[in-house]
Each structure stands twice: as C-alpha cells, then as structure tokens.
Amino acid sequence: MTDPLVAAVGAGVRLIELGQPFFTGMPCSPNHPGFRMTLARRHGDLVRPDGGSAASEIIVTGGHVGTHIDALSHVSQDGLLHGGVDAARAQTGGRFSAHGAENLPGFLCRGLLLDIAALHDTDTLPGGYEITVEDLERAARRAGVHPRTGDVVLLRTGWARLFDNAPAYLGNRSGVPGIGVDAARWLADRHIAATGADTTAYECLAPGAGHSVLPVHRILLVDSGIYILEHLALEALAAEHRTEFVFVLAPLRIVGATGSPVRPLAAVSR
Amino acid sequence: MTDPLVAAVGAGVRLIELGQPFFTGMPCSPNHPGFRMTLARRHGDLVRPDGGSAASEIIVTGGHVGTHIDALSHVSQDGLLHGGVDAARAQTGGRFSAHGAENLPGFLCRGLLLDIAALHDTDTLPGGYEITVEDLERAARRAGVHPRTGDVVLLRTGWARLFDNAPAYLGNRSGVPGIGVDAARWLADRHIAATGADTTAYECLAPGAGHSVLPVHRILLVDSGIYILEHLALEALAAEHRTEFVFVLAPLRIVGATGSPVRPLAAVSR
Amino acid sequence: MTDPLVAAVGAGVRLIELGQPFFTGMPCSPNHPGFRMTLARRHGDLVRPDGGSAASEIIVTGGHVGTHIDALSHVSQDGLLHGGVDAARAQTGGRFSAHGAENLPGFLCRGLLLDIAALHDTDTLPGGYEITVEDLERAARRAGVHPRTGDVVLLRTGWARLFDNAPAYLGNRSGVPGIGVDAARWLADRHIAATGADTTAYECLAPGAGHSVLPVHRILLVDSGIYILEHLALEALAAEHRTEFVFVLAPLRIVGATGSPVRPLAAVSR
Amino acid sequence: MTDPLVAAVGAGVRLIELGQPFFTGMPCSPNHPGFRMTLARRHGDLVRPDGGSAASEIIVTGGHVGTHIDALSHVSQDGLLHGGVDAARAQTGGRFSAHGAENLPGFLCRGLLLDIAALHDTDTLPGGYEITVEDLERAARRAGVHPRTGDVVLLRTGWARLFDNAPAYLGNRSGVPGIGVDAARWLADRHIAATGADTTAYECLAPGAGHSVLPVHRILLVDSGIYILEHLALEALAAEHRTEFVFVLAPLRIVGATGSPVRPLAAVSR
C-alpha cells in the first residue's frame, strides 16, 4: 500500500519560489560578510584524457547572508540563550555546543501567508512601519486562516521588490517595516514553529536606527524557541493569493553555527 | 476545500535525514576548498543597551563540498555543456550564463532507495566495486519499485559510515564503490530527475586512480541533464528499509555556480 | 670586515610608514573582495595543560585590496601581457604561469617623493585632477631629485587623508586625482622600477567614470614592465619633507597571483 | 648631502630570499585555514573598449599560514598577554585592542644566521631534535657573531628543504627540530628583537606530540615581547655562508590580528 504522502505528491505538486538568489553584490548587512561566489576551476583548465572537464567554485558567505534561518544560538539575552543555556560557555571553542545550526529541523508543514502590504493596499509598506496585532488578526481573517501549533507564518511587506536595489532594500535611512513586540508575542502565543518576512531583519527598524535593539529576536529566539527567516521572496506567492500551503525548508547542518542560508519553497497540489 | 497536499502533510509527516553535517575537517576532495565555519561575532562582543547580544559567522566552502548537488554547468565534454552549450562562452565573466545553480529546481517528488550494500549482504561495498545493471535490477526488484520519469534514485554503498574517517571515506588508495557506465545508462533511460549516492564522487573510482576520468558524470550531466547528488547519508533510511518515499531538496539559488551544498530529506507519513 | 650596508644600518635607521592599515570596512573597489579578518580561535577556547593558550584568524582578501602592488599579470592589452605573453594561455589552470606575483622582486632601493599636492598648495588634489608632465618636472625640481633607472617614484595627491571615509576616498562621484598618459610615459622613459600613489587606482579617474579605461596601467605594466603601487600612506613622509629615501618593499610570493598586499616603508639614517 | 643609508643602498645591494612561496596545497598546520588563491576575474572576462583587460583574485589565508610573524596577541599564559594585558578583554569585539598585528614594527636591522644543521654536519636535523644553549654558543662562535639588543636571530635546521613535501615538513609522526626552553632563555637574555626558524613551529616538537605545549612561545612572546618567525627559507642564505646581513621585514598592518604573512629578505652589499 502506498504511503499517503507519496500518493499526494505523486498526484502532482507545484513549487513556488520563496528564496532570493545568491550573487556577489546582493544586499547584505555590514555586520556580515558579503556573499561571493568565485569560479576556481573553469572548463579547459584541466581537460581529462577523454575530453571531459569540470568547473567548480569557492564560496564565501555567512549564516545570515541572503535568504536564511536563524538558529537559536544567534541571539542571547543577559548572557543566556534559549532555555537558559549560558552563551559564553556554549560558544567556547569557536562553535556552539548547544543550539547550533546542526539542530535546525527540516520543515515540511503547513505554511501561512499574512499579506500585510495587501491589507494596506500598497505594493510596499513604508520604511519603519510597525506591524501590529490588529494587522495580524485582520490579515489572518482575510486569508481565512488561524495560525496554530507547528505552523510557519510568513509576513509580506512587499520589500522583496526592492532586493535588486541594495541601499533601498537595506533601508538604513528610511527604516524597514516589520513586526512589533506585541505582534511578535501574539505569534509566540500560537506556538508556531517559525516565522519570516521579506526584509533584512524581520522586525521593524526605525529610520536611521539600524539594528540598535532587536526585541522581537529576543521574544522569538530566546524566550520562545521560534526560528526566524529573513530575506524571503514572497511576491510570487502573494501574486496568486496563496495563503495556505505546504512550507518546505531544509537548513544546512552546519555544526555549531548560528544560522544557515536556505531556499524555502511553498508546495501546492497541481 | 483544503489542498490535498496540505491535507496529507497535516495528517502527519516524519522526516528522515539524508544529509551529512558540515564541519571543519570533514572529508573533502583536494580539488575543492575545505569547509570552514568561523564565528566572527560572539555573544558579549557587542552588548546592546537592552542586554541583547548576537553571534554570527563567516563560512568558506565550495559548491561541491559536503552533501551537494551538481548543476549542469559542472561538467563539459569536448567543450560543450548539456544541450550543446559552449562551455567557454558560458563561463566568461566568472559565472555561468547558462546551466548555473540558480536554475537547479526544488524537489518534492518520489524518491527510491536501491540498497546495493544490502543486496551484497555487507555494511560497506569494497573500494572500487562497480555497481552493474544487474545490481540495479535486483535491488529494484527486492525493493518492489520501478524507477520512472521524474524520480530521484539513491544508491546505497554503505560508505556514509566512513564519513568520520576522512582518508578512509575519500578512498584514494582503496578506490570507492560506485555506479558503472552501463548502469548509469540504465538509469538515464528511465528519465529520472536526479540520482545520488553516499560517496565522494557517485561513480566508481578505481584504487589509486582518483578522479582521472568521470564517464558517468558525462552520461548523466552532459548527455541526459540528470542531476547528481554526492555525500548522502543513507544509513537511517536503509535501517528502516524505506525504499519509496518523498524526496525533499532545495538547492541554494547561487547565480552562475556549478553546484550547491544541500540537505536532502526523505519524508513519509507518520 | 663589516659589510658597508650592515654598517650603515648599524649606525641607526628610522622607518617611516607608507602603508595603510588593513581592517574590515576599509575602502575597497567593488571589483575586489572586501578585506575581512576574523578571529577563529580566541584565548580560552583551548587552554593547554600548562596554562598556555593561542589565538589566530582567518583572512579573506584580494591581491588588489588595501596597500598593494600590481604584478605584471594584472593587466593585458589586446590579449597580451608584458613581453607579448598570451594572457589566455598564461592563466589556464587558474594561476598565472608567467608574470605571477611570485616573480615580484623585493625592493631596497632609492625612493623619491613627488608631492603634487604641495606643488598646488593644497592638502588634497581635487577629484579627477590629471597630473601632468609639467607637474612631475616641477615637483622633481622642487625636490632636487632626478628620477633614474631603478628608482621607485611615489606621487602624493593627499588623498590618504580620506582613507577613513570610504565613499569619499573611492571617489565614485567626484573622480580621483592621478597621473595622465603623457606623464606616465615621462616616468616610463626614465626606466624606474615601480611607481605608486596614495589613491585607489593610481591613475586619474574622471568623475562618475569609474575604472572604464585604465590607459596608464597599460603603459606601465604592459608596455614597460613597471610595477604600480596603490593605496599608499604618504602623509608622514610628506610632513617631514623627505623627497629622497630608501624604499623598502617585500611583496608576498603568491604563486600565480596578479598582485600582493604589502606594507611599504621609507628608511632613512637616524 | 646624501643620507648615508641612501648612499649605501645606492652603492649596490643584493637581496637574498628568506620567504617560502604561497600556494594552494602548501604545508599548513590543521589549526589554521589552508592558503588558497583563486582567480576571480580572468583576462577576457571583461574587455574594456580600448582592448584592455584585468585579472584579479580572492585569497583565503590565515595570520599563521606560510612564512609569517607572530604578533604579541598570539599567545597568552594564564589568561595574560605580554605586559600583563588581560587576553579575554583584549579580544572582546573580535579583534585585539592591544598587541594586534598593526603594532608589528617594520625591520631593517642586523640579522644573524646560526646554522645548527651545519654545526651537526647534516642537511636536516632529525625530527624532535632540541637545539641547546651549547648549539647556539658554538654556532655563534663559528659564525663570528654575538647576538645583541635589537638583532634578529635566525636558526637553521635545514627543514626548508622539506617544504614541498607537506607531511614530512609538518612532521606529525617524526617530530620537528627546534629550540628548547633553556636556549630560548639564552636568546631572550640578549634582548634580540625577533627570532625565527625554517620549520612549522619554531620550537622543538616531540614525535607524535604535536603542538601540545609550546613553552618557547611563552618565553619569547609573553615573557619577553620577542617576535617569532616561522616557515623561513634559509637554504640560499646558508649556501653562501652569510652569517651577518641586513634583515628586511614588513609585516602587514592587520588591525587586531595575531600574526601576518610576510616575505623576509636578507640584504647585503653587492
């Protein structure tokens, strides 16, 4: 007898892209190394006796560069990681002995899109706009969904449209829209597994303030053990008004790291 | 009405790990940069006014380091990539203008495990052992499966057990077991989407010969447009005798690259 | 009998700094990877039984990042390097088989400072200013020196003062002062060994034009085999009106590379 | 009137190479990232309107990779750097606020070669051989030199001859010859500025013991503020029996780092 999941997949699946491409010069916070892919060996450098040749590259990047997920080791509060783990001790030796990226789970679960930009009838929310509890509740109602335990909840600001313009996208001067403290608690109270947005920092950045404080990271990562995704590409999903879908994610098992580059996908039946 | 795929996933899913961890010192062909994750910022380096602190890293790696997938730009034959694309022209500028890793699809499809080690009643096939057409046919019969269009076919040699011992796993002296030319053609004739193994090069390496010629890469990547996965971890899947499952893969969209590190997963109903 | 050079050095030497510091965030052309030093091991990560501990780093940089010297492999004209070497052939394999940085000589020779900013009674020459033959002749006369075979000639624009302000220093909008084609020929005619300046590209960049053409690089590197130094720190030397000195340089012997980070020094008797 | 140093240099100088080349695959302790130079842009990737083209690279390395000098931040004893500086505090923020590599001086001073291999009538001292006070005294006597304040003293073991054979050169099994504790104190008592050897760790490594303890690093770096050079190439200097010379060194000013790759040179009158 065929596994029901295998049968459902066999009946036809369509994948919708949720990740940004990785390329030299893409937007990157100055806190992190910029992404760089360099071809080390090119075709013709070494031709095998049978006429075959291979090309390959060296990649320099970070765990928080491009579309990525934060591991629970990423943020501490008063010296403690999630679950009261001592951050200084966990990082001794140069890789985290607790909450490292190798512990990030794979995801094949329900995903929900809350389209806050659409709620406000705009392509892109203004820089510094704070997403409120009311925004979440109204967007969920419009979408006909209720976030519940184990869901992944994606918040659309429309800023993925700015990804090709690094200064605009990073929003140092303008600020960046994102979720506020109360709305983050609303999500945490629903015991979701992860949440993400189509911006550089997920949470609201005031104009000119940069990453001076990141209270939502504390609420989600430290207090609640909820993973955060940043730099999502949500335009294709929003364009087809998909609010409920299967969320697919497979973070790299980087031992002792604080995050992983990823390529999230939404999956729906064909 | 709920999407059938969302419903199937909602009924309960279990993920089985198919990727190796990434860590400094893990096995790596000398053709590629070794993987290295270095914490750049540690907790306490910069404490925000509210007591929050963040840690992050720099990662140096390659597109063919650790568990990874080959893009079609990886191998050329007589100067041509898959579909007759001129390799020299495609690579000009330092990133591939055709067949780059950003074109690698996501996978949520049927996966099959052909356990060649079990077929031969061994934990690990001997170095240099060539997997034959007969091996594939017997393993498929035993598994009760028929590879067909769009499937992902994984071949188990048992060598994932050696991953913690880099010299043994890379097998420079011993050779490495893997698929031969005729067996690769057998797979290609079934129009599968991708195939992989739990070894460094997927194909059979003779003792002491290294990567001197790689004919199977040509048959699959250049002639057939079938992607190759290397360094898989197939022990957990084999231990529970799963031969049919949902294969989950999301290669990073690295523009113009020849491969991507990945974390493949098998998914089954709970 | 003591070597005369050993005796001169033994009589007392003073070194004057001509190199900029290397740090994350320092000015760097977008054509090159940004410099990044990351501590990989910190004191306390691993304490030896006797109470000893070591710290060390990983460095990502380029051959043309920070204060550096161009090797003759850096620039080609119509497909040829200096001396008619075929550039495509020389670079096959991913490192230069001719004119690579491992061939860069060490320097312990006469150095001359031509202070063009002082000549024009300014701290910093304006962006886009082209240094002329007349400038060189007048500055040499003022300095009481005649460039001759084997000398290293340093041109001061005053722009080292802007090094802490990356956008101003790189001068994308303003242009950057530097030597023009005729003045470069004047230097080449004197058979100097190397020349450099306190700017990003040595030669004159017009406002908004970037590195669209670099004719002086061709004249010096390709036609004449004269090495170019960029990002020099010439303020200390200029402040004490030193126009003749011993120039000290030891480029790293990076096999097959196109340049090397360096720390040039001026040496004078105490 | 000409500066006496400029005059001595003008009379003719010959440079003798003391640095090893830097290339992918060169010997490197597993504690440090391996050196890797990758051409990022090749000639022809981007041809300017005038037929000019440039090539450049990305370099991944460490501060203790290849021929290099240790900064005083490299080693701590019981939590303290040289001069009683608190190591934990100095490294907070991810770069050293004291004793970083940007404080490494340039060197143009007297250098002495003590050829211990020649003293023992051998090309290469045996692995694990400990250089004694008597060795130093006899070698100095033979060379007709007395180490004194500010000198740089180079010890030859002959192991530079093994540099092309990484396992032999690193000597994990055989051990590596080098200076012992008493001999290091003898050097420190003479207030030299720096010392180095043609091996991976400068000091004596017992067979199979690796870098388990490094007491000489403590005596020189922590107790005495004397810099250490490793991976020197001393064969050319020894071949011409030069025991006194001008030592030329210009470490890169890498802010907050624990060491710098270098290319040391010996200079003599022609």
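Chains: A, B, C and D, in written order; residue numbering restarts at 1 for each.
Please note the rule applied: contacts are C-beta pairs under 8 Å (C-beta built on N, C-alpha and C of every residue); 3 or more make two chains touch, one makes a residue touch a chain.
This one's a predicted model, so the numbers in the text were calculated from it and none came from an experiment.
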item	value
Classification of the subunit A:subunit B interface as same or different, half of numbers criterion	same
From the options A-B, B-D or B-C, the pair that copies C-D, where over half of the contact pairs coincide	A-B
Chain pair showing more contacts of the two, A-D and A-C	A-C
Inter-chain centre distance, subunit A versus subunit C - centres from mean C-alpha coordinates, in Å	42
Separation of mean Cα positions, subunit B and subunit A [Å, integer]	24
Residues within subunit D bordering two or more other chains	33, 36, 38-42, 44, 58, 60, 94
Contacting residues of subunit A [partner subunit C, same complex]	25, 30, 33-34, 36, 40-42, 44-46, 60, 92-94
List of subunit C residues in touch with subunit B within their complex	36, 38-40, 42, 58, 60
Subunit A contact footprint on subunit B (complex, rising order)	2-11, 13, 15, 17, 19-23, 31-33, 37-44, 48-64, 73-79, 81, 87-88, 91, 94-96, 102, 105-106, 108-110, 212-215, 217-218, 244-246, 248-259, 261-265, 267-269
